[in-house]
Amino acid sequence: MIRLLWGETELEVDPRAAASLDVRPLGPGTFVLRRGDAIETFHCVRDGDAFHLFWRGAAYRLEELGEGHRAAQRHATGALEAPMPGKVIAVRKAAGELVVKGEEILIVEAMKMENAIRAPRDARVKRIAARVGDMVAPGAVLVELE
Amino acid sequence: MIRLLWGETELEVDPRAAASLDVRPLGPGTFVLRRGDAIETFHCVRDGDAFHLFWRGAAYRLEELGEGHRAAQRHATGALEAPMPGKVIAVRKAAGELVVKGEEILIVEAMKMENAIRAPRDARVKRIAARVGDMVAPGAVLVELE
Amino acid sequence: MSPFRKILIANRGEIAVRVARTCRAMGIPTVAVFSEVDREALHVREADEAVAIGPAEARHSYLNIATLIAAAQRTGAMAIHPGYGFLSQNADFADAVAAAGLTFIGPPGPVHHAMGDKQGARRLMAAAGVSVVPGYDGDDQQDSTLAAEAARIGWPVMLKPSRGGGGKGMRVVRSAAEFAAALAQSRRESTAAFGGDVMVLERFVARTRHVEVQVLADGHGTTLHLHERECSIQRRHQKVIEESPSPGLDAAQRVTLYAAAVAAARAAHYVNAGTVEFLLDPEGRFYFLEMNTRLQVEHAVTEAVTGLDLVRLQIQVAAGKPVVLRQEEIVTRGHALECRVYAEDPDHDDLPSPGRILFFAPPEGPGIRTDSGIATGSEVTVDYDPMLAKVVTWGRDRTESIERMRAALARTAVLGVVTNLSRLQAILAHPAFGRGELHTGFLDEHLADFSRPQPPPPEALTAAIAALQRSRLSSKGPGAPTAADPWASLGAWRLA
Amino acid sequence: MSPFRKILIANRGEIAVRVARTCRAMGIPTVAVFSEVDREALHVREADEAVAIGPAEARHSYLNIATLIAAAQRTGAMAIHPGYGFLSQNADFADAVAAAGLTFIGPPGPVHHAMGDKQGARRLMAAAGVSVVPGYDGDDQQDSTLAAEAARIGWPVMLKPSRGGGGKGMRVVRSAAEFAAALAQSRRESTAAFGGDVMVLERFVARTRHVEVQVLADGHGTTLHLHERECSIQRRHQKVIEESPSPGLDAAQRVTLYAAAVAAARAAHYVNAGTVEFLLDPEGRFYFLEMNTRLQVEHAVTEAVTGLDLVRLQIQVAAGKPVVLRQEEIVTRGHALECRVYAEDPDHDDLPSPGRILFFAPPEGPGIRTDSGIATGSEVTVDYDPMLAKVVTWGRDRTESIERMRAALARTAVLGVVTNLSRLQAILAHPAFGRGELHTGFLDEHLADFSRPQPPPPEALTAAIAALQRSRLSSKGPGAPTAADPWASLGAWRLA
């Protein structure tokens, strides 16, 4: 079975079922599937280990998982990650300070919108891993809570 | 120099001049040329030894000529060629018959239009190289005149 | 509530795509049909289901009535849209569809029968008091009779297959000497295209305009006109550029014309969308030419100026719904133009140019609509009509729609086959076109020696070689392209 | 005669593309400008010349007045079109352009100055007898004063940067406790986006509609309205879906509204195209909200219903030509909708989703217009607004334009970045939207817990794997793809 990750959800596909399908390329990123008379045009593009799929009006991003690969534990307890690429424009707390649930810890700006990184629970800040002006990638750990 | 054939016309391009141009690909078949501030988006697609170019509203088909290659003598004296792919639907003359200039010798149909192959001059038919029902490729010799 | 649970589109190319789009907006699933060479064609991709209907040759596939009806029944389609061309005006097909318990989206068989051949239509219109071009529409079809009638009418004479359309088999014959060969050729083309070789003769009037009126009748007593289109720019009797409104009509002429069209439609007991074609002579007189009992290629210009979706109206009428529009609600706004892009070489006597579409980019921008049957990678075969796409522009007035069309044509990139785009551009740029001085001989008068292709400018060639160099460089490089230049490896894609 | 020999477009993205297209139709060459990250952007390709204007950060490039004017002078552009956003409402820019002997395509500096900040505009409108939302527009901008005024107005209070637009820095504050933090954040965003942090307070009225009137004044005494747009579907105070006509107005309200808009424009000595925004409360009362002294994002819906090209009109007015339209000639036809496609993740709190566009196919069909700033291969960076494209549909009535929009959105394929297309589809499908029951809290009321993404159906996954398998197979095969399957090698194109 081929194992795929959609968001946090693992999905499986039987490669033999795929091999037996009537799917043909029509142009860059465009394919057509036929099952009897039914026909479906869809779009699929590879992007490193991931691929993007457009099917019946909806877009999906899927990651292919190798043999024995496990979905990464994306949210290690207490680690707050950058939700998107952007620039840190404010840091409100320092290591050792207490934060209450919902309180702003730092602010990342992208596309001219501010996005606050807030405490998910009452906790003490263990480490602030970013400074004002830093460009951060999505998934980068910005804050660790105790 | 790179030698190109456009229709029956031979053209030349200096490959060093090309190498020094600021041309970048933007997508499949799409390129952008910059010279100072001037910018030109154009389309170019390779097709075997030929390539197709779309430049400022006009489309061109060009063939690259190899070293020492000469433009083919496309119209050997007395040979009448199929002007496009199609099906021979009528043959009016046989070998040995006389034809007068403008007279129909045979008819090729393509895209539901009939296209008559006519005698370019008064002559005697040497050979008819196609039969009714034949599918012919462009450039195929259909008739030889003496 | 959708009027039909599913519709089969018995056509291909741009019109099949266009019909499918309206069906999709109406929430009606569609079934495409395809011949062997059309398996990957664009019209197939637009549908929800697709049924193979046989070999490339149209008479065994797109003209095969039994196969088409079987495809509809197998897929559960309740109605069949015939598009234009193929079986769209075939009375037997309309009858067979009805006999199979399905709905034909178009007029019923008897209407096709009455109007679908020019012979009967001329007689019916003359009886209804609509004037027809002086000519011959008799039953005696012997070659000698036709030759005698042609001489009586006076040269030049227009030879027309009684069945058919799209200019196929039509010829102007200028003298008795040419007549026999022309008749034979027209008959062959007519038989091949329409399955019959009855001919009609008409006096050929020079410098006429082709003006037609879109009509819509619902079978509940309402017969409306949707204003006119002018289609005088023709090549080999095939329309090339159409527009609405016509620049050659005044208000009084319009009133007369619309009334004649509605009278013609009523005389024919017309139902669904149709077109009454007229010839407008230099003195401003109208003559009935023929009635097209189907959607026209050029219906998009009517849609642009009236704001109506003709395919939607066709479907509603076919479902038996009365048309709720009143005549006074159907007003035109602005001006629309349509240019037909053909795979024909304007520099070589319009020879068809089949092949693979290596690149296609439709023009984009405000007021531009492109209805296309092709995409990059499509195969244009010798089997069917060479029309690839229609570029339609709309503007507040004729000047603006011409401006937009000129900008649009300059951005319509078709590589892989030769097209008539250079000629379309030349027509649009011609001062006489700008002044609206149109007639069916426009191309012969103004652009007969148009064919003077210019070689690509040296700058373009150098840039093209540079593009190919970049492609080669990167395809020799290490496997995957870099993030900075992700397209490089695609520049060189070869299409053998 | 073209009014300008050449125009520089001081913007990027879809609006720069759109302005270039009208210029092309008018025969006016254009100059694009681009920051370092936009070198290959779509808007650059649409122009005839392109000038680098600095680094990605907007204040050093698209907001750099001196650089833009120098670019215009170097290339010989006679006029500058500012698009929307960036410097489009900047009085200093308009003044500097004029001082450099060039034409600013928009109102002159003093108009921007008067109307461009909400504070002054509120005061001017109140003086002209146009009602404004109860609030505070005073000069005393101390935090404590604003807090006290907010308490006086009564919670909830709307906090708005006096300068700016696009919803940036706007916040609803529900209680005194939240006020200080909200004020600080709005001020930061305002400073970053608009270079100033003066705030205006307004009473927040629930369940209001946002209705605006497009106006056009030529500086020769003619001030016209081009009917209204409703823009009540908003997210984070940013418009998401707009339409014209508004489904929430009756004929009497329209008359009042248009008169108020024209009065507002006249009070502002307005010249060129602009928009007067109103809030319509549940009791049917209008309040002046602000005046946008530029082209709006949503101008395309006005173009669709009026048939006017607003960019063309802007250029003509800027060239000093009187507008020859009469008010009674400006009639709307049918109904138009616009959906803004953003690179934002609707399932994750609308987080921006920059990245490379791996595939983009705009929807096609009758009544659909797409104004896009992207193409396959485009890079969506974090530096600018996340709007990728606008899908505009027109129909004979609201039902038809909704139908067409739903079909269009289902065919708008964007791969590589996450977009809000799923939310747009959910809004269009909502019964309350269909009934026209719109207000600015629509999304919170009806789609607050919209975020329930469904995994791809098993059939889709299997098909996707099949597509990838086919790509791999052929890329392992011999060099050139075969004629029968020329695309196979492209299926697998990797974009690292």
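Note that the chains take the letters A, B, C and D in the order they are written out, and that residue 1 is the start of every chain.
Just so we're on the same page, a residue touches a chain if its C-beta (ideal position, glycine included) is under 8 Å from a C-beta of that chain, and two chains touch if they have at least 3 such contacts.
Here the structure is a predicted model, which means the values were calculated and not measured.
Interface equivalence for A-C, evaluated over A-D, B-C or B-D, points to B-D, where over half of the contact pairs coincide by residue number. Here B-D and A-D are compared, and the pair linked by more C-beta contacts is A-D.
If you average the Cα atoms of chain C and of chain D, the two centres end up 38 Å apart. Chain geometry summary: the mean Cα position of chain B and that of chain D are 49 Å apart.
Inter-chain spacing, taken between the CA centroids of chain B and chain C, is 28 Å. Each of residues 24, 26-28, 30 in chain B touches at least two other chains.
Those residues of chain C in touch with two or more other chains are numbered 376-377, 410-411, 487, 490, 493-496. Partner chain A is touched in their complex by these residues of chain D: 168, 181, 185, 188-189, 192-193, 236, 343, 348-349, 351-354, 358-359, 361, 376, 382-386, 409-411, 413-416, 418-419, 421-422, 425, 453-458, 460-471, 485, 487-488, 490-496.
Remark: chain A residues 2, 4, 6-7, 9, 11, 13-15, 17-19, 21, 23-31, 33, 40, 42-48, 51-62, 83-87, 89-90, 104, 107, 109-115 touch chain D in the complex. Per the touch definition, chain B reaches chain D in the complex via residues 24, 26-28, 30, 32, 34, 37-39, 41.
Residues 31-32, 40, 44-51, 74-75, 375-377, 490 of chain D are the ones that touch chain B when the two sit in their complex.
Within the complex, the chain D residues that touch chain C are 18, 21-22, 24-27, 300, 303, 307-309, 312, 333-334, 356, 362, 364-367, 369-370, 377, 394, 396, 400, 403-404, 406-407, 411, 480-483, 486-487, 489-490, 493-496.
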